[in-house]
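Look for chain A in each of the two complexes below; its partner is chain B in the first and chain C in the second.
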Partner chain A sequence: MHTVWVRLNAVVFFGLTVLLGLSCLAAISKIGHSYSNQPVIHTLEVRDLKSLKSHGGVDRALFSFDLHADFAPTFHWNIKQIFVYVIASYETEQKKVNKVVVHDKIIEATNPDKVLNYKGTFVKYALVDQGDDLRGKDITLQLLWDHMPITGLLYMGEQPLSEASTFTLPEEYQ
Partner chain B sequence: MIKDMIDKQVLELKKLWANKRQLLFQLLNLAMIVFSALMIWKGLMFLTKSESPVVVVLSGSMEPAFQRGDILFLNNAVEQVGVGDVVVFKIKDRDIPIVHRILKVHEDENGKVELLTKGDNNRVDDRGLYAPGQLWLEREDILGKAVGTLRYVGMVTIALNDYPVLKYVLVGMMGLFVLTSKEG
Partner chain C sequence: MDYQGQRLAELIFYWIILSFGAVGWVIGFFRQDFMVVFQFWLVGVAISVVLCVPDWPFYNRHPVKWLESVPDRRGQK
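Our next item is the complex of A and B:
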């Protein structure tokens, strides 16, 4: 039967199939892109410790940091944005792994300037412990980034731990 | 013209009713489509170990990464979720799951994690969204980690939810087509 309905149904269904197929092709077109296209990270290190205080039983550290990194290589045609974030990781007696985001920044593909250049920038989120265990701890700062596609797969990237910088918080509150 | 088409469909249905063998065949056809869809859904649930492997983004709290109407594919077969991952979680006694990013991870020796989340587009973390008195999420609260995205498709779901009548119209029409189309 070749009624209008059957034809409409066929056209819509075929259109959707083509769109889905194109989306899948777009998703797989850039698999492996991150192997040869890493951002260039010049510096990521702490500059100044502003304070280390106890707020109602939990320790809170505030500091400023330097970051210079070029994210232009990570972009390709199926990337909508790169979510860049700095994590502070440390170890305490109670908790083996502590990873806290202290700063984040979204670089959109439409933004022509894909270089992050911070000098003595204050952290966006304070480094807050679950308990009162921050004094005298070694804190590692590491840069990570999340590739957010227009359509397709999400994948992460991170600065090698061997290149991450470490600083030590003071033994006393200040 | 519309009336003409409806008349034609009614005529087809009447013919179908008269021919019981054909009716049975078409009904089986319909059942096969329904069960295939169910099988794909359950298969995805099995592979991803997630109770809802595909979710629709309902709010703008993750903009510009995800907009209302985008769909996300989830994977819950990962051992541990990490800081910075986009995850979908559910708060006890609340129906609608939330898509946000992990801001903090604290893990003890036994591998028990406590997580704090935040929406990219929100100014504060999610403590206010959690159950009263709840400070941290645990691994069990996570429905899955977002591994892929497809844009706009979820708009259909949102439309169907906003206008329930549309649901019946659409399902009814699809059923009718399957029943009356001869080349099955």
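Our next item is the complex of A and C:
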């Protein structure tokens, strides 16, 4: 503490230690919040199948969907943004578990409108199979979300599969 | 800066940063905005840097009193 540089060092690093403590307190204030404050999902279902085609031996489906979900309840002062994504899952003979992300959206905490309301929105990413097994398959659409906090742990939430909607792809390419 | 001044400087920045941080955290919590916490903390650190880093006169009120220097024996001769 006898020279300017030693004092500057002491003040700045004591300050950073205090900031770390404040960040930890903010993280503690979020414990349990993400689990007990789920978004309200009104609808998530397919609207219209645009195409189901084979591209070089690989099946690709394009469709539009409806989504109405309110994410306002899930926000917290220690959440920077919420990453929302739609997963299409299905089962084939060779591969029992297939999960394909077909749409995503980032809701920032600074955005006042935290309701997602899509009507007939085209998928952002096509539903592409690893092989040619999409025809006639039951596709389940499920909504998932990640809480991205300012400080603290990431939380990943998902719509219960019992509330997810399912549609069937046609037997023939179209 | 004398020894008493160093102790005083340390106490000053300790309490300023801690109290600005604590008050900022509580206000930020009730206003649901972490930016408020960060701004309060930044103001506390800035005030501390101005108050505690330069060698202000009030840190030099207790100068160290040294003993009189021992006369050189050879010089006495």
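Basically, the second predicted complex is superposed on the first by the 173 of 174 C-alpha atoms of A that agree within 3 Å, B and C clash if a C-alpha of one lies under 4 Å from a C-alpha of the other, contacts with A are read in each partner's own complex, and residues count from 1 in each chain.
Assume a residue touches a chain if its C-beta (ideal position, glycine included) is under 8 Å from a C-beta of that chain, and two chains touch if they have at least 3 such contacts.
Predicted, not measured: the structure shown is a model, and the values here were computed from it.
Participant: Just checking: does A:V115 make contact with chain B only, chain C only, both, or neither of them? Give me first, second, both or neither.
Facilitator: A:V115: touches no partner chain.
Participant: In the superposed arrangement, does A:L144 touch chain B (first), chain C (second), both or neither?
Facilitator: first
Participant: So which one touches more of the residues on chain A, chain B or chain C?
Facilitator: After superposing on chain A, more of chain A is contacted by B.
Participant: Is A:V4 touching the first partner chain B, the second partner chain C, both, or neither of them?
Facilitator: both
Participant: If you stack the two complexes on chain A, which partner ends up touching A:V40: first (chain B), second (chain C), both, or neither?
Facilitator: Touch partners of A:V40: none, neither chain B nor chain C.
Participant: So in the superposed three-chain picture, is A:L161 touching just chain B, just chain C, both, or none of them (first/second/both/neither)?
Facilitator: neither
Participant: Touch test for A:I106: chain B only (first), chain C only (second), both, or neither?
Facilitator: The answer is first: A:I106 touches chain B but not chain C.
Participant: So, A:N98: does it touch chain B (first), chain C (second), both, or neither?
Facilitator: A:N98 contacts chain B only, not chain C.
Participant: Jot down the residues of chain A that show up as touching in both complexes, chain B in one and chain C in the other.
Facilitator: Residues common to the chain A contacts of chain C and of chain B are 1, 4, 150-151, listed in rising order.
Participant: Using the touch definition from the top, list the residues of chain A that touch chain B in their complex.
Facilitator: These residues of chain A touch chain B: 1, 3-6, 9, 23, 27, 80-81, 83, 85, 87, 94-101, 104, 106, 108, 125, 130, 144, 146, 148-154, 156.
Participant: Touching residues of chain B toward chain A in the complex: what are they?
Facilitator: It is residues 5, 8-9, 12, 64-65, 82-86, 101, 103-109, 114, 120, 146-151, 177, 180-183 of chain B that touch chain A.
Participant: Chain C touches which residues of chain A in the complex?
Facilitator: Contact set of chain A toward chain C: 1-2, 4, 7-8, 10-12, 14-15, 18-19, 21-22, 25-26, 29, 76-78, 150-151.
Participant: In their shared complex, at which residues does chain C touch chain A?
Facilitator: Those residues of chain C that touch chain A are 1, 6, 9-10, 13-14, 17-18, 21, 24-25, 28-29, 31-34, 37-38, 41, 44-45, 48-49, 52-55.
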